[in-house]
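Presented below is the structure to which this report refers.
So that you can tell them apart, the chains are marked A, B and C in the order they are listed, and the count of residues begins at 1 in each.
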Amino acid sequence: MSDASSPVPFHSATEEAPVARWLLIGLAFAGLSILVFAPLIAVFVEALADGVAASLKSLASPDAGHAIRLTLTIAAISVPLNAVFGIAAAWFITKFDFRGKAFLITLIDLPFSVSPVVAGLCIVLMFGANSLVGGWLVGHGYPIVFAMPGIILATMFVTFPFVARELIPVMIEQGRAEEEAALTLGASGWRTFWTVTLPNIRWALLYGVLLCNARAMGEFGAVSVVSGKIRGHTATMPTTIEMLYQEYLSVAAFSVAAVLALLALLTLLLKTALEIRHADQLAATHRH
Amino acid sequence: MHIEIDEISKQFGTTAALNPVSLSIPSGALVALLGPSGSGKTTLLRILGGLEFPTSGRVRFDGQDATGLTVQERRAGFVFQSYALFRHMTVFDNIAYGLNARPRASRPTKAEIVRRVTKLLELIQLPDIGPRYPSQLSGGQRQRVALARALAIEPRMLLLDEPFGALDAKVRKELRQGLRDIHDTTGLTTVFVTHDQEEAMQLADLVVVMSMGRIEQIGKPQDIQARPATPFVREFIAA
Amino acid sequence: MGRPLIHRSPMPGLGLSMGITLTMISLVVLLPIGALLLKGASYGPAGIWETVNRERVWAALFLSFRLSFLAATFNLVFGVMLAWVLVRYRFPGRRILDAAVDLPFALPTAVAGISLTALYAPNGVLGALASGIGWKIAYTQWGIFVALIFVGLPFVARTVQPVIEEIEREVEEASATLGASRLHTVRHVILPMLAPAALTGFALALARAVGEYGSVIFIAGNIPLKTEIAPLLIIIQLEEFNYDAAAAIGIAMLLISFAMLLAINLIQVWSRRRIGYV
């Protein structure tokens, strides 16, 4: 006789057996531990290998200080410029109907599939001292390559799609009706943008800017090529890490790296917070 | 205001959304543009509101050429099918939007705006919902707020795109009467788009039946029912 | 009568938004790429071929492509599994795992490069473990493989995740009522639905890996013919002011990028036609 109080073993038709489930979860943890968590922890362990004081001291050196300031300046210029581009491109693409729209979107995405080193190379060939344009600019006292403008251009190239990519799907989904309503109520174009469009896309914009900023501060390949890595002049934080590392100044290199890693963690934290609180207004969490 | 549509056509790429159509809407009339989807009725309404440019033809308001007027200059109270309420603003701010958007010289004072919005909320019989957000309203309430928002700009005409499309049968009947009442009190020339022949026949003074970018028949509801001009009209109103 | 180039519309800001978009995309992206292509054109196909057709360049291009392909394949399998675990299962630590998938996007490549090297070098924690069984990771092709897995990790998981969220349970239940085992359902119903998104993620990870520089050069050892990647070769030519050679290799890599971009677009067109979504 069966005991009526014992639960009937029921296996859901749309779930894997518990063994398989725990195996997969275990594999996910193991894989991410080796590939992601371990390197992240390693950055801080290596940075603090000689204690906090040594680490802070290396960050206080003039070269490190200059690199930090330069990286912040580069981001402060290139990120807003890319945000303006992203908003303009998303407006143009989602509010108007024109031929070649798909092609334009592909062009905007292009920098993601070009190697950063090739991107840097392109800028050197375009604006380098022995190119036509670059030679003229250098002759008039405006060097681009091995100077700040080149670094900004390189940074903008590699981060070019971030904001536009995030805004376009959001604005397609929101449609044009609210803007049209504002216009019929007598609002000017700017007023419509500031009071209707911008409030609707602000979280998506912030999300795109966040990712754009993380990449802008961390860009290495493209900046390596165009900056010349002149210490105290065009060396950014990532290129400074390389130089310090190659001089076997491990603590100093990892200390700068730790600052960037903290920034990455902060970015992820803000990004996750946005995804939880404003999921309905983001493209990344709201596809299809 | 008297609206005159003179040989208006609209091409989208190679397809014609509107073959040249002409229509005269007398001042103060309540007109239904009736037809199945794809008949061009919404396109015609959007051309009246300045949201779409005609490929050819002219629109005249009280005899004056209005074809080149911008959306803002038309002062058409437009109610969208999805209502298009500004989701990040309260009901109050939604209704006040058009008044706040006016250039400083003609903008009413803050107190005057409050007075007018309050009056409009009373007109739509929802006096207490000013502080709420659109997402906190029912479908019928949203529709009425959209109507109040359109009326706030003191429009020269009222244009409504499927105003009852997204509502259930009971609310739809109530709001039909509401629209009739508002039309009768304001005396505004009103054009609404619908695919529901019963709605058009009950509500409108004048019904314009459209199909495939053409006007099939213009007439009073009872005339259209009694004497359908084309086989299409006969079949459509029988459905 | 053809379609007009731009439909007239009462929406404001056409001139401004189009102006900003086209000016900036030209200045930042198109003109620089054009400069590279122009350089290549002046050099001629034969000239490019002469530069590229050298043992060291072939070795670097082949190495970059082969290891990128292997890393992207690893990420294809691991990414689909990761996406499945993150969407379907509830367990403590899921949020952290979910956020960790994005770390390779957020962590600067140079930081990843030196820290992977520190870990997998013979005196590093994981490197010491591996060398215990005679397995050398850093400064070999294994090191490059690990770094390329790291940078490509998020792509497959992030493209597949929303698709799994969209799968209707009823489809799986239907399969079960028809007598299919769970394994059969996964293989014949679920995986085919994920295939287009997974392939898109694969192509994105591949494109990223082929061009990757920062996270690889520290761990690679950079021995010519053995562990020297193609982007590094460009840097070496540039440091010797050998612009022609750098441009030739750059064009070869750019063409690979274009080919992969085309492949990604074709996959998306194909999947849209077949399933109705990407």
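Rule of thumb we're sticking to: a residue touches a chain if its C-beta (ideal position, glycine included) is under 8 Å from a C-beta of that chain, and two chains touch if they have at least 3 such contacts.
Every value quoted in this text rests on a predicted model; they were computed, and no experiment measured them.
When every chain is represented by the mean of its C-alpha atoms, the one lying closest to the mean of all protein C-alpha atoms is A.
Note: the chain lying farthest from chain A is B, by mean C-alpha position. Two chain pairs, B-C and A-C, are compared here, and A-C has more C-beta pairs in contact (counted per touch definition above). Distance between chain A and chain B, defined via averaged C-alpha coordinates, is recorded as 45 Å.
Mean C-alpha positions place chain B and chain C at a centre distance of 51 Å.
Chain C has its Cα centroid 15 Å from the Cα centroid of chain A.
Those residues of chain C in touch with two or more other chains are numbered 3, 7, 9-10.
Counting only residues that touch two or more partner chains, chain B has 50-51, 71. The residues of chain A that reach two or more other chains are 180, 183, 188, listed in rising order.
If you check the complex, the residues on chain A that touch chain B are 175, 177-178, 180-188, 191, 195-196, 199-200.
Every residue of chain C that touches chain A in the complex is listed here, in rising order: 3, 5-7, 9-14, 16-18, 20-21, 24-25, 28-36, 39, 78, 81-82, 84-86, 88-89, 91, 93, 95, 97-112, 114-116, 118-119, 124-126, 146, 149-150, 153, 162, 166, 169, 172-173, 176-177, 182, 186, 204, 207-208, 210-214, 218, 231-232, 234-235, 238, 243, 246-247, 250, 253-254, 257-258, 260-261, 264-265, 277. Those residues of chain B that touch chain A in the shared complex are 49-51, 71-72, 74-78, 80, 82, 84-88, 97-98, 101-102, 149-150, 152-153. Those residues of chain C lying in contact with chain B across their complex are 1, 3, 7-10. Residue ranges on chain B touching chain C, taken from their complex, read 11-14, 50-53, 70-71.
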